[in-house]
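Attaching a single structure in structure tokens format; questions to follow.
For clarity, chains are labelled A, B, C and D in written order, and residue numbers in each chain start from 1.
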Amino acid sequence: MLRTVSALTLGLMLGIGHAHAAAGDDVLDIVAPFEINGTDPSTAGDLFLKMGVAETLVGADEAGKPIPALAASWELSDDGKVWRFKLRSNAIFHDGTPLTAEAVVAALTVARGKPGILNKAPIETIAADGNDVVIRLSEPFAPLLAFLAQNTTAILALAAYDDKGRVTQVIGTGPFRISLLQAPQKMTVERFDGYWGEKPSIRAASYLAVGRGETRALMAESGDADYVFNLDPASRTRLSRSSKVSVLSVSIPRSILLKVNAGDPLLKDARARQALSLAVDREGIAAAILRYPAAANQLFPPSVASWHNANVPPLTYDPAKAKALLADLGWKPGSDGVLAKDGQRFALTLVTYPDRPELPLVAAVLQEQLKEVGVAITINSTNSSEIPAKHQDGTLQMGLAARNFALVPDPIGTMLQDYPPQGGDWGSMNWSNAEFDQAIKDLSNISDTAQGQPLRDKAVSILQSELPVIPIAWYQQTAAVSKKLENVRLDPFERNFGIASMRWAQ
Amino acid sequence: MTALLVADGVCVFARERIVEPASLSLHPGRPFTILGETGSGKSLLAQAIMGTLPTGLRAEGSVTIAGQRLSLASGQAHRSLWGRVISVLPQEPWLALDPTMRAREQVAEGYGFVQGLSEADATRRAQDDLANLGLARAGGMLPSQLSGGMAQRVAFAAARAGGARIVIADEPTKGLDVARRDDVIALLMREVAEGGGLLTITHDLELARRMGGDLAVMLNGVIIEQGAAETVLGNPQHAYTRRLIEADPAHWPDGQPRPATGKPVLTAEGLGKARGGQRLFSGQNLAVHPGEIIGVTGPSGCGKSTFGDILLGLLPPDEGKVQRAEGQPAIKLQKLYQDPPSAFPQRITLRRAILDLVKRHQLDAARIEPLLERLRLAPELLDRLPTEVSGGELQRFALLRVLLLDPVFLFADEPTSRLDLITQQETIELLVELARERNCAVLIVSHDTELIRKVSDRQIRFGADRPESPSGDQRMPEDALA
Amino acid sequence: MTRTLGYRLFQALLVALTVGVLTFIMVRALPGDMAYRIAAGRYGYDMVNTDAANAVRTELGLDRGGAAALGQWFWDLVRFDLGVSVVSGEPVIDEVRHQLGHTVELALAAVLMSLLIGPPLGILAGLRPGGAIDRGLLLVSSTLRALPHFVVGLLLIIVLATGMGILPAAGHGEPQNLILPALTLALGLAAVSSRVARDAMAGVVSSPYYAFGRTKGLSEAQVFLRHGLRNVSVPIVTYLGVQFIYLIEGVVVVETLFAWPGIGHALVHAIFARDVPVIQGTALVMGLMFVLLNALVDLACYLIDPRRQTA
Amino acid sequence: MTTIAVNSSSSVLEQKRISVGRFIGFTILAFIVLFAFLTPLVWPVDPTKQSLRNVLAGPSWSEPLGYDHLGRSMLARLAAALRLSLGLAFLSVLTAAVPGVLLGILAAWKGGIVDRALSILGDVSLALPGLLLVLMLTAIAPDSPWALYVGISLVLWIEYFRLTRATTRTLITSPAVQASRLLGFGPAYIVRRHLWPEISPMILTVGAFGAATAIMAIAALGFVSVGVRPPTPELGLMMTELLPYYEEAPHALLQPIVVVFLLVLSLNLIAGRKAR
């Protein structure tokens, strides 16, 4: 016994010497915070898409415009209600079966029955017509293409599902197929030779979910990972000085925003919300916490060109004006420095979640900055689901969230969910504006970008003045990439790691 | 006749000299005994000779063992002699045997590793040795399964197995039943008869007497008297030796038994008790009269202490009943314990303990001082912890404590078995004197029949046919004999 | 021995009972709406919303009474069915089995390393109490004991991985990935077990039987091998039983730090996501593992210490 | 006399070593406590007050320990975090000790069913690794120290219970207690004079060790983000928060580490060699 033990340990110790081959082999090691929540596209579709295992009917380019993916082309009927998708003839699943309209219909039908995105589109039927897939809508719905590019609608083979629509095996069509899946942390993929598109240069890749930002950064630094996604600001600064990795960043359609309950007596008046906005030093937050120029002077960053309105007056930092506004509303500083009116203190609870590590920090800074103008904030850093839950039961006062406007590549998909009349889980709350509502409704029927521009500009300017949500900062996605890796591009829509296009430096 | 071992001017130093230079010589076939009470330095002297002094102590002088002269000041020269020429029979051998090794193996080590025999031979020799000592069946046993006497014999075999002809026996009877003492003496004498050398360290006068040979008496680090045992014991020159011999219960003056008078303070009828499925006694009747002294003897584990505890109401009897005299509160029945330090709260001063008692029963604190004087206790001892006074003093404090309550009955459970001879005599004398004075009945339990015979008005003897088992030491299971 | 094992069996039953009831009550008492929490765990913070929560509620029958669900859990447990993870939809038993393997691998390596580091050093120190080794070891072990695991782990990463680059910082799959997390745990274990060994050895060295062994004529090495080793290993092995608590707690932190896909990591995530079946499953398995390990310690002691065989 | 002298001198030596260790432990602890509780008096800076201009600035005369990543005073934060950890540890130890000791005495004294029942309760608590319990309790009430406090107390009480029970069991059957009963003393006296003097030094040992465990647990939970939540200053949390800046501002990261180290070390020293 003792001998076996010592031999084993000795072996381990000796292993150290040539151990460090892990990142030196030709397997691309990717590390990101996202856990693999199973095999179903509705829960883990994002990773299957990111790793190039599964594909959607429609893709998206870097500006979020729909591009052909599994559907080689599509056409829309004149009444805007019937979409016909022509499938790629040379696409085959990883089990060797060809991509058929039946398989696509089955996959989409299953996806529609689960929480995700497709159940929010006004779909009447999804049917196969020869090698075409026909989707019939009850009313025109322009964002459908964007919806079909979303990861929960990834197409798996018929054999992937059991009779209850549960996924038992991930059989996609992507350039890589899964060689090992150990939910929730690990997945390895290898090149799929039957892929319909261009053959990737990378032979195999592994994915590891690592929750702690520090650990991820350390893995990049030590060379254990070739591609580390989602760096915290401090690690980014440190890694950018490293000789082994380069740090990439891209502006993404995600914003830190302060969701406010416009039905709350304290926040009912738009001027109160404007005052809060004026009290926020966005530059300071961006510089100190995010550490890149990302102060959000409106909801969308310039990179989301269609939704960024350069003409609206930017949100500014002016605590004096904030105080004045609040004084106009009848708030007077109390003995503890907190504003009060009719015996009520201007005290609010702010809900946020630590899944994104910068959020609690931003919350802490907001707490301080709002204190300067006499607003007391209690921070409740909890599970992310508390924001929608408290939205539903009406108890939310403020929520600090990092909202992704690219759930589907066209932000209109998110806008429809978040800013319906009276509000949505992650957007406005108890707030309505007839003009705004109409603009959004109209936009869902217009598929032409230029045609919708005035409506978008109008909607954005209404948001800017009414402030149902207070934009705080824009995001950049950052990744540390080994210098041995070439042709790495960050996808602003976070749909794909882009393994298929990477290659090892010679 | 050449000496096996000669010690010349051996002395021991801590910060200062604690054992004065001592010289002695040990001859084959003639035992040498060093007699002294606890703390007299006898063990240190033996350890210095053996070369096993604990760290922090050093020795000077020289020892010649089997013709090889060792200077003790240099140290470490002994190692090559250990086991081969000289070995130790350790005190309390049940602690000196490896608790996780079977008896036979512990003996075989000497043959295997010291004498270099093959494993099979060593085991066979070990088994033979054990059989010779009447332990044929004990070879496969662990020390915890051996009784005290058996452990003593196993240790003896183990000490001898390396071939050593000189054995230093350190307090060989410590912790052993009196009945087992004879066995030990026979064992040691057999070794002597075979021409080996035996140096025995003991506080036991009876052992010293029975061993014969040469005797040295030690007091406060000094050998005060040395010579043939017969001479020293028969015609002691030093006052201390004389005092020691006088203190032996065998030499105590005979007591004057008093007839029982008065109404019994305590009566017991048909008492019976069993322990571990074994009947200790049954049908015991007893009427305790005021002021009488009842002696109880019997071997260890015979239930004599249990009997006393039942009388006090500390244990319920299995059968029969105990009746106190009418109007006599339970507080008037008291007990003296075998091990005085364990009978006091450990972490408070004696003064505190006694004042607590005074306060509890609203006694007259002025009675303390005369009692202290009567018990020959210095008042400053009151401010010490129970662990900071000697056993004899503490037992007298225990007496003081119970006397404050004016008891009518006192159960003295082996009150002096942990004390040196002289202290024992003083304590017993005081106990008897004060009990008589105050008309307090005493039930005194002891394994020492001589002591009981001398002090008691009448005697009770408990079961004589109990199997051997080590007395005193709690680590030995009561009925461990296989 | 039968009695000891019987006691362990009783403990195992207690574990099942406690875990079942406790986790259930606790998870039910967790703040917020369970359906939302599960939805957040399942779909991520970008996708959690009321629709998702409602779908989860309907799918999992969360409106069902607590008692009924608890009863169901126990009934399933009797049939060795731990249910299905509400987040991933995989059977809990499969997830736990998979993760348990990694944790056992890590824990085993940690215990082995700690045994190779701690007791030998402790024994060396205990052979000469107060000597240079003893004092040095006391210093090192006091230092290690005063540093939380994650600090030790980070120091190891910074020095061995990012600094010297001889070991991978984190991750899983290659044998060398095991070394740092196992070493982190092992150092913590060894810091204590070396002291246990040291005290045990010091006790043995000063014992009458050790001295007797010497005067019997055995050499120092013989005395150590025959009378030292076995007597000192009993307390060390016994103490291992106590250390398993530390180990099981340690894996929770160390697995998170080193992205080790084990059961401790899974438990923390399940608690965040309110994955009741997974919480119950992992807690149950951790509790049972603890009992099992202690039973193994009992067995080891039984084999090492002949006193137990005769008792 | 001589052998006794030798034995006691070696045991005095041993005791002295323990008490030197204890003395150092108490000294360090006293300094830490003074630092924690005096700092707010002489340096009344809000530990959550940020000044984004001073982010990660090093020590200076105006700010002796520098600033953290949000420009908060490290001095004020360390002191506040220490007050939290010390307070929580002290409270947990106290709440664990009182019922633990009382139940231990009760079980040993009453024996029989009471003893059996309480021992089973102890076994149940032992069967589940402590952190598991604390983890789940903290999940119930995130952001509130009470869950930590209850969880840690629940884990710690068993040690008191077991030790008190064992000590009491031996003592209660000892001749000393028997003698006291014979001398007419009641249970209160036995507890006060026999049990308490034996149990109290043990309580100190277990308490110091328990406090060290509690401080470690609080920090560990902070590290896996289930303990106290930001912006409350807490030592484990401070380490986690400052960890990413280990290269930029090592002084900031080292401070909570050194403080935890000293704190736990001092408590371990106080606990003495027996406690692990």
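Methods note: a residue touches a chain if its C-beta (ideal position, glycine included) is under 8 Å from a C-beta of that chain, and two chains touch if they have at least 3 such contacts.
Note that the structure is a prediction, hence the values are computed from the model and not measured.
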Output for shared partners of chain A and chain C reads D
Chain closest to the assembly centre - both centres taken as Cα means
C
Determine which of the two chain pairs, B-C or C-D, is joined by the larger number of C-beta pairs in contact.
C-D
Which chain's C-alpha centroid is most distant from that of chain C?
B
Could you grab the centroid distance between chain B and chain C? Build each centroid from C-alpha atoms only and quote it in angstrom.
50
Could you please state the distance in Å, as a whole number, between where the Cα atoms of chain A are centred and where those of chain B are centred?
85
Just the number, please: Cα centre separation of chain C and chain D in whole Å.
22
Between chain B and chain D, what is the separation of their C-alpha centroids in Å?
46
Which positions in chain B touch two or more other chains at once?
none
Which positions in chain D are in touch with at least two other chains?
142, 243
Would you mind listing the residues of chain A that make contact with two or more other chains?
214, 382
Touching pairs of chains, which are they?
A-C, A-D, B-C, B-D, C-D
Which residues, counting only chain C, touch chain B once they are in their complex?
207-209, 211-219, 222, 226-227, 230-231, 234, 304-307, 310
In the complex of these two chains, what residues of chain D are touching chain A?
48-50, 52, 55, 69-71, 142-143, 225, 229-231, 240, 243-245, 247-248
Complex contact set, residues of chain C against chain A
31-33, 36-37, 39-53, 55-56, 85, 87-90, 95, 98, 109, 112-113, 115-116, 154, 157-158, 161-162, 165-179, 256-259, 261, 265-266, 269, 272
Spell out the part of chain C that touches chain D in their complex, as residue ranges.
10-11, 14-15, 17-19, 22-23, 26-27, 29-31, 142-143, 145-151, 154, 158, 192, 195-196, 199, 242, 245, 248-249, 252-253, 256-257, 267-268, 271-272, 279, 283, 286-287, 290-291
Which chain D residues qualify as touching chain C in the complex?
120, 123-124, 127-133, 135-137, 139-142, 212, 216, 219-220, 223-224, 226, 236, 239, 243, 246, 257, 260-265, 268-269, 273, 276
